[in-house]
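One structure coming up, written as structure tokens, with questions to follow.
Labels run A, B, C and D following the written order; every chain starts at residue 1.
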Amino acid sequence: MIRFALLGCGRIGRVHADSIDVHPRAELAWVYDPIESAATEIAKRYSTTIAPAVDVAIDDASVDAVVIASATPTHVDLLTRAVRAGKAVLCEKPIDLDLARVDRCWKEIAALNPTVMIGFNRRFDPSFREVHERIAAGDIGRLEQLTIVSRDPAPASRDYLAVSGGLFRDMTIHDFDLARFFLGHVVEVYATGANVVADYIADLGDIDSAVVVLRGEDGTLCHITNSRRSVFGYDQRLEAFGSAGMLSVGNQHPTSVRLSNGTQTEAAPEYLNFFLDRYTPAYRAELDHLITAMERGSQPSPGFADGREALALADAALESLQTGRTVPLGSSHRRETEA
Amino acid sequence: MIRFALLGCGRIGRVHADSIDVHPRAELAWVYDPIESAATEIAKRYSTTIAPAVDVAIDDASVDAVVIASATPTHVDLLTRAVRAGKAVLCEKPIDLDLARVDRCWKEIAALNPTVMIGFNRRFDPSFREVHERIAAGDIGRLEQLTIVSRDPAPASRDYLAVSGGLFRDMTIHDFDLARFFLGHVVEVYATGANVVADYIADLGDIDSAVVVLRGEDGTLCHITNSRRSVFGYDQRLEAFGSAGMLSVGNQHPTSVRLSNGTQTEAAPEYLNFFLDRYTPAYRAELDHLITAMERGSQPSPGFADGREALALADAALESLQTGRTVPLGSSHRRETEA
Amino acid sequence: MIRFALLGCGRIGRVHADSIDVHPRAELAWVYDPIESAATEIAKRYSTTIAPAVDVAIDDASVDAVVIASATPTHVDLLTRAVRAGKAVLCEKPIDLDLARVDRCWKEIAALNPTVMIGFNRRFDPSFREVHERIAAGDIGRLEQLTIVSRDPAPASRDYLAVSGGLFRDMTIHDFDLARFFLGHVVEVYATGANVVADYIADLGDIDSAVVVLRGEDGTLCHITNSRRSVFGYDQRLEAFGSAGMLSVGNQHPTSVRLSNGTQTEAAPEYLNFFLDRYTPAYRAELDHLITAMERGSQPSPGFADGREALALADAALESLQTGRTVPLGSSHRRETEA
Amino acid sequence: MIRFALLGCGRIGRVHADSIDVHPRAELAWVYDPIESAATEIAKRYSTTIAPAVDVAIDDASVDAVVIASATPTHVDLLTRAVRAGKAVLCEKPIDLDLARVDRCWKEIAALNPTVMIGFNRRFDPSFREVHERIAAGDIGRLEQLTIVSRDPAPASRDYLAVSGGLFRDMTIHDFDLARFFLGHVVEVYATGANVVADYIADLGDIDSAVVVLRGEDGTLCHITNSRRSVFGYDQRLEAFGSAGMLSVGNQHPTSVRLSNGTQTEAAPEYLNFFLDRYTPAYRAELDHLITAMERGSQPSPGFADGREALALADAALESLQTGRTVPLGSSHRRETEA
């Protein structure tokens, strides 16, 4: 039985609490949140204990792993403390908004050979994963192009966005990681954006829509489309074009009901509304992956370096947005975290 | 070049005129209709000549084939005259509403070894035909069940229905023929119906909805669903279940546009509205089949016997509707027309 | 917290154990199965206790409800004992294979005003349920026809089928209940069948394929297609045609991946394999319905009378199969259980 | 009746000959091709006359319009001669590969106020057109993003590609025009490409795959994906995301048949193979648009300026590919041809 401490009891914290609860070989030892009511709610629902202070949870010798689901600025500190306490870590993305800080963090913990997994849930979505496996199995020959569509149902609040790090670090970062899952190392980034959704996003100096083009080491092109608004629901799709075929992932519906009437035919209901619905199985598979890795003594994936690389791509995208130029990503980026 | 005389210039006559017009090896020599304005319209559009009397067209030595698209009660007479004049015939369904009359007709013409094709367009629909060919090619193993869905967008007028011969002889007859295309000889019929669409149909003593179950010689079951109303457009589908798979035919759209918005997703436009739209390619393929058969000196199919069998199934369905019993169709039915 | 005793630890017993386990207001107090290894497996997995005898579980005063998932011949006895012990009951379908025995059972327990729910899971499938709700909301006007397709991936073993009561009582019974969910009282049944799947089914005197036609009180026609084999996976579909539109339920896939290559396009993976996969959410909703009814002191639905009616339809279908005639179901059928 | 001269009897010439043949108000007066066998084939098929020299066709006073379907380097000369002869012109894309030559051509003919239509067929595809009309009707609110997928089934021959002007001028030019159809004026272009399909394309100094990002005047982003290979058939899709919904255009199948078997479900046949199949209705609508414009004395669209702008976008894309930078397209581009 793997014993978990959960740091952060907001929306995403609840998802992890639930995944731990239903996993047959996991238990939730502690929960912690500076907002007491949030901690209380989860503690009550899953019959577990609120830690009086974050260190009580981290330092408990009976705890095997720490899930970091707190506010982004706290990630690096909590991650470092958990690693030093000898715990495995599942840290929500992004590790931090500041790449230099991420690199310093790694320098501090690298020698400890830590078990750190980053919460890029899309790698564990059954559909994306099936495409990944079938490409590996040769179902579409050599991968030639990759298309990622990623649109949120509606923009987050002004308050959230103000500290989000911007579209690329907050939202596209998931797509950067998904692209790396399929392409491996990325050598070039181009990004552009627009403000078409909401004025308050422009006021924050952020964009609300983007198109990003990536080039993989072997020439494979990937393009990502983002928007902070998709009125028909969470839009999460992928197309992988290969020399021998295409595998695609479509959006998903809560039921298989279709309506035909005098004005239209075969109309489906709205899609699964947002990440809590669409990625529930992914979050569970993600946690299971960590637990299995811990049991086997292997490293979970995506790891710290993957978290670092996705952030580096976000930074490069921002540079491209500002300069209008393709930004090369030298192999040096790679060595820093892989060494 | 095959020269055609077209008898009957209503809605279905226009379809045949158009098929003849676009066929590279056919030409429209004469048109005839007791309603002069109907004849004039087609003659003008396709630059052809109105026959002053039906015999002028039928007896013209330069005419190779006669298309009978006139009112049902005239079919037998025109068919007989055309056959006697040595012409090939494409006769719209049904041959007649009276099976005895159909059998007498055959007795009169059988010795002439006539070339008679019956206008069961569904056999020439590219989708149904593809299923037929792929079953023959073994794509789904042995056929085990067949489902036919056939619904008209809206009921015809009271005047039309009053002389239509009833649902089974007027509408289901197409589905009976389609069933025979897949099942071969049918040995049992069960039929039931309901009045749920329009009161005036009940007033005529007719039904507006039906479920029919057929059993083929080798045990294959087929069921047919009919309705005089389908508010979402012409509903023409088929499912062929086999020991190794299923082939299905879905409805067809005029474009491949889909709409997703705040209340629904992937909504398609209405289906192709009615038989003139859905079966345009079928009508053309049907005519081409006749022309090719004439050129090769072979018999076109479906032939007179198929027209007769579909009507016999309609009669058996009516008997079943009235008695609530399964009606067996002895092999005798078969011999009569095939001998 | 509702405490359950689970009688029967086979395949379907495990499903119910799992539903109880994940329900926040349910707990599994006892499990019982004459085959000790089956009971042990579930007891271990869900950390519960094996009852040394069935009465120990039924008579435990702390137990609120009994789930009967044992072999069909034991249902009536266990149901009667559980009701007498004052427990709510969730009994798997069919109540029994013998309608007379079912009616005797009811006579014995009716006076106790029992809370008995029958495990017709399809009523709780989110897609079928959505169609039911949207019809009630008027989305397709008045219901005019209903089509149910229900095919198992592969026939059960000879041993299972030998005691199953035949296709209608074992398999179609689910579809009969689903038809009643939409049509209300059924007044006529026609059924026919065939043997096209496996010789050993014919040897047992059973059919392996069927077409059934039902007529509802208000004239609505329903037809059901069954087969013991569907090589492409569990085939569970429904179409509800109304005066203003059609609502359909399609089959469901484990992922939303599609493959296009040199020989085909948009090919989906196999469907969810069988009822354990397709109806997992339905089984959970079913249990939740019972729990909520118990908490509110209301009667769960479908109840004993629904179990009785579905069996009566199966018997009528068998009579129709044997006689080739439509079998009327008088309103008397109704009164017997509703009185 | 509009009388046409057809210059160029290759693959695309045959398409136009066929469109003229089936149009009720058009006739094919002359055909011309330097390769006599090509001219003979079309002349025979459509019962028309071969012009002994191109001027004979262009200068025939009874000819109303000239279709230029010859090799690209001949377009400017033929277009200029036809305009001087007072004929309306339908010129295949591109006008020329050299933007300066296109601009000189316009200077020579502008004063004649010519009727020149450029053969951008996609604007007449019923699906793309429906999306355009529904956006105009407000079905998806304000257009925010546009995605165009355009992949040929297989790369053209080395000989064809050597004189094609490269991917952007030969293939993407259709997508540039389609983008302009939806976005209006384009103010920025970014393009990148890769060689993943065939070595001989790289040897020619050309790319075989591309991603292009455009920005419209009002900020709408558009991205285009191209490949010279799509093993599953011609891939021609579009997604228009708006503030209130999304309209998409999917690929199209020759039939509505789907196959489900033991390894997959709902597999469709291959898509319509290539432009001759997919865009047949578009070519006919294109010709009808020209004829209707001529009859009404209005200017057909897309016109010369549209042909010029698409080429300017191709040139800008090439510059972006070479520099890795976003290329701005000043309003000057616009004025040159619109003045």
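One rule holds for everything that comes next: contacts are C-beta pairs under 8 Å (C-beta built on N, C-alpha and C of every residue); 3 or more make two chains touch, one makes a residue touch a chain.
Just so you know, these numbers come straight off a predicted model, no measurement behind them.
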Chain pair repeating A-D, as identified from B-D, B-C or C-D when over half of the contact pairs by residue number coincide: B-C
Chain whose mean Cα position lies farthest from chain D: C
Selected interface, A-C versus A-B, where C-beta contact pairs are more numerous: A-C
Between chain C and chain A, distance of the C-alpha-averaged centres to the nearest whole Å: 41
Gap in Å, rounded to a whole number, between the CA centres of chain B and chain A: 58
Shared interface positions of chain D, touching two or more other chains: 231-232, 244-246, 251, 259-262, 269
Touching residues (chain side chain A, partner chain C) in the complex: 22, 126-127, 130-131, 134, 139-140, 244-252, 254-262, 269
Complex contact set, residues of chain D against chain C: 231-233, 251, 253, 259-271
Residues of chain B defined as touching chain C within the complex: 141-142, 144-145, 147, 149, 151, 188, 190, 192-197, 209-211, 213, 215, 219-221, 223, 225, 227, 229-232, 241, 243-246, 324-326
